[in-house]
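Structures for review follow.
Next come two complexes, and both contain chain A; in the first it sits with chain B, in the second with chain C.
For the complex of A and B:
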């Protein structure tokens, strides 16, 4: 919510600032009154977030790591309260059912013990949940009383023994057991110097050292958030307090474990997504894009809040703004480009199609008398006409205007049309991408220009910022333009597509105009006019971009767009 | 810490040498705590009657917390058994060597499990996609992420 607000607010600030700059220069012209009104409007109505949101912007929230942890803790507390179990038990239950509270409540109410067994909270033989019993039992070596026995029978330690849960401190069987109890030895390391033993509710005891090594390996190597008892076939899962105490002083591993749990929480929740930018810890919550079905009507571009540049799509793996086109079409286009563009270019320049069977043929040497490998059709590489008409002119073709040759070339060009069509869109797409990339260069150039202006005119640094704003806007619009070509490639011919392409053309013209202006030479005398021009054009480009995005987004909501291929989610 | 693995292996070796291996299994070589070799045959009426296989265990310093790398040896003398979970390069797809490994399991326990895996075999055949797997398989089978599909591959 807040971020949406900031987002649209940002745009407003932008134009305000520009206008203000004009005001200072023009000393209060007619337009400044309007601007004043606008400012007043903004001051008076600081909560217009919902109404101000544009169709192409979506509602989302950005969360810090702490906020996510809080949300997770709230879920745990909720379950813990309903079921009357420890938080650590509630956490294991939630992890077991991938944090789906509704399903957990339903299943638990249906059969609490079955869920507890499957979640690794209680052993199969016990019917009731002994969640209130302390999850950790510490044993000293003298109280164990069980010998290690032979190693060869791994099934020896079945968790089937039904003992009543004993409080950690009392061992009624210890005094009454055999007169001289053998010292307990950990069945994993056989280190008889070990004196500290731990077990989960299943009572499978191992020494603290082995537990520590085991948990560390599970957390560090395998990244597990639900770690089972070390005994073979035992399904009891170690609750968090046990993990914490068994890891003893290894705080980094404990922190890693907590992180794994949080990651699982985020990954399980369809309305949450981690910011994909390296080492960024923010999370975005976007419930409107949680369901795949929503992705046919919205393009959920979000920004994580850590930085304005951390822009990514909530609905698909594209780590950039791909508005106005929806995820599935963007994905289709990228795949096509990856597979086809280079190949298509090469095919276009190096091959021709057999005029009979349309097989693509590369001529890699030899004379012009071609014999199609596939259909055995003989033709002339130069005129594409049948070879039979060439008579004895074996190595040259002077028959370019013969009817059969013209027809063959017509057929050729038809089959090339789809390739040409694709390349038309691809080249424009690639162009805008390239230009957007070059904007870094444009930035430094512009910066120089801004310095120049400061020297040659009496404008201050703040006042020459309009150049930078313009560059920003150009880059933004080129991204939009880039994706409009991907969209147009798949749009079904018709009025809607024509309108789309009209908008595209208007935006493109505006962007190119502004781009040119930014590249132009600066004369001292015309700086004020240039400034006026650039500012006007920037505002115009911004408006065109808005129209493009808004209209396309509305079109998706209204179901106005139809495709020339089958697109996921469209009939 | 490396002492856990050697202490544990010393203990296992003592048990093997004093109490003997399970029936049908013989220790061939255990000169160090890195690689052990066993011969294994399946007794009784099975598809592998009369066949002897060679089993290799490789241990890292994390043993027994991490599972040993276990495979059948394929050389001039020995072949890998033809079994739906054994690839022709000797790699074994068995859940107890992967995600169901438990540190309380031991070398003999693994041998016994593999024996029963062979004993219960109904059809002698290679796993699906054997050739493709063998062509690109890593030297150490632990580097392969086997997918244990249901009880089918669980032994």
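For the complex of A and C:
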């Protein structure tokens, strides 16, 4: 299926250069000639090579906030190096094209001034001056240490954009500089006591206070990462250094702004995802699952570096771990369960089908002499046989073996087959979920007992840890089992499914055995034998779980599974 | 002084001093942050001669967030809700700039009356009327200007008018003959007006809607 999967750790950086030009960072770096840059970047994304990666485990890497910022900075640096523009300009260009370096390079090489204008870097009127997005830094010395970034003082300084500025603007302090109209009143607050004015490259001047309030409102209330000039219809975007200095000492808002930019970077990159756990700041990089098409062959369960419990699926938001089943099937199953389970259960326990027309009938009281509203068929609710055979007896359904009754029940069971089938899988699915919860509860009880034992007997702490390990394993396997039922429900009948169900059965049996062991009475005499048994069983269960996951994952890669319904991504 | 208050005060004073634009801004109560703006309907439009009032609420973060405006006067216009007076105009939303003022925004509203934008409607029924028959739309808009905005030939000030029956049909922008036709079948007049308006039973569209379809809707 998708070739993305086959790349080994070592060649992943250069692998899909040919077929996937739109792909993420790796390709961009590969096609560039900026080797230094690239290596530093790839260092961050590289998956530490594990000696033995299981088929059901996928390659991913977890990045801290700082690492993501570094990756982002590397992209900016890269672009800034290629185009010879300032970092803040490169950042605006990248944000404008959603951090897609290839498209940016292509478009920029094609028509730099047009890109600069649409990205809000240079004003349209100056469009004739091409490749001009950079030169803000060329003025940095004249702005008195307020380095790169297009921060302008009201001294009528040049918009840094043009490389051919008028003499006056090149030397803003020269006597020929246009004098500031006196007194200048900020057109927003009309406060004539203001002395400090700022403008972007478009020269629309406003007082520093208004800029601060405006940026704060845009950042805090609208979560904007590209903020335009305040003038009506002006498309110039404020570069980061400008935002920074205009926010003055409002550090929290500046930090929020940086966070918004990083969030935009992560959201724009298909191979990056934020850890969804509350207030977790880690990011996971998983290039193999970046394409939707890959999700038909892999189940990208990842966990962020912050904690092993921060486990989530890179491909979908439905559940933390739905291995071995792929996202689209898991989603389909959950939807079905939400829609159908209760209804199906109710139908099963409260209704029967008319043995003639198969309408579903609810018996709402009265005697067992049923008359189908639809086809007028008269039958006995108890034996399902035709009422005529009951004679005139008010109720004497002792006719269980009568052929007609059996036939009627057969017909009914056939019509219920699909419902029964669904309930079969659903009940097992739900049961494993429930049991997993219960075993955790059980463990908290056992734990106390273990602690007591540690005190009363000569067992060490490490020796009583086997229970914890076993319970963890049981929970993990029950999650696997749970989802195997979702998968089996949709699997097409055949040899493959039988093999799948054999694995499922073996795992289930092992898990139930272990569960039972965990519930046995614990006392000091048998503890050593119990420990031995539990440890052995845990290892076995672990093995079975691995076989289950491994085989299913291989099956996806080999395209071995076929479905009895149409599944997204399969033909 | 609070920057927002200073700015609003200045805007109100500026507007008072400016006699040329015909835009007025008045206080509704004590608060300078809840105002009433008004302007005359633009010339050569169905709104000519009318006097349009706008409810203005200045948000906490004004002028960095847009001012909230809606028509107090009922207006028949594709970009204004005929029920609530809500306005669909870009500068009141994402195209807002802190440089814009109450006066310039009211002028924009005035020019919105000159140039309806039926492809981006606030009131879908009115927009449909506009695209089906501009002439009939203008007639209705003019009628609304007369009765709600005190336009020429207006009857707004004459209190209860004996022509109340005719009013309803004209307000809905329908033909009297059409309403009479269905009323004659035995349907209640109010309901007929309602259904015909909803179906946009106007101009060339009448040919597209069968009588059966109308009756079907009336029976619902």
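Throughout what follows, the second predicted complex is superposed on the first by the 391 of 571 C-alpha atoms of A that agree within 3 Å, B and C clash if a C-alpha of one lies under 4 Å from a C-alpha of the other, contacts with A are read in each partner's own complex, and residues count from 1 in each chain.
Note that a contact is a pair of C-beta atoms (placed from the backbone, for glycine too) under 8 Å apart; a residue touches a chain by one contact, two chains touch by 3 or more.
Values in this document were obtained by computation on a predicted structure and should not be read as measured data.
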Inquiry  = Between chain B and chain C, whom does A:494 touch in the aligned arrangement: first, second, both, or neither?
reply    = neither
Task = Based on the superposed arrangement, let me know which partner A:221 touches: chain B (first), chain C (second), both, or neither?
result = both
Query = Between chain B (first) and chain C (second), which, if any, makes contact with A:209: first, second, both or neither?
reply = both
Request  = Look at A:81 in the shared chain and tell me whether it touches chain B only, chain C only, both, or neither; answer first, second, both or neither.
outcome  = neither
Task = Please indicate which partner A:189 is in contact with in the superposed arrangement: first for chain B, second for chain C, both, or neither.
result = both
Message = So chain A touches chain B in one structure and chain C in the other; where do those two contact lists coincide?
response = 187-191, 206, 209-210, 213-214, 217, 221, 230-234
Ask   = In their complex, what parts of chain B are in touch with chain A?
value = 1, 4, 7-8, 11-12, 15, 19, 22, 62, 64-66, 96, 100, 102-106, 108-109, 112-113
Key: chain A to chain B touching residues, read off their complex   = 150-154, 157, 187-191, 206, 209-210, 213-214, 217, 221, 230-234
Ask   = Across the complex, what residues on chain C touch chain A?
value = 3, 6-7, 10, 61, 63-65, 91, 95, 97-100
Note = In the complex, chain A touches chain C at residues 187-191, 206, 209-210, 213-214, 216-218, 221, 230-234
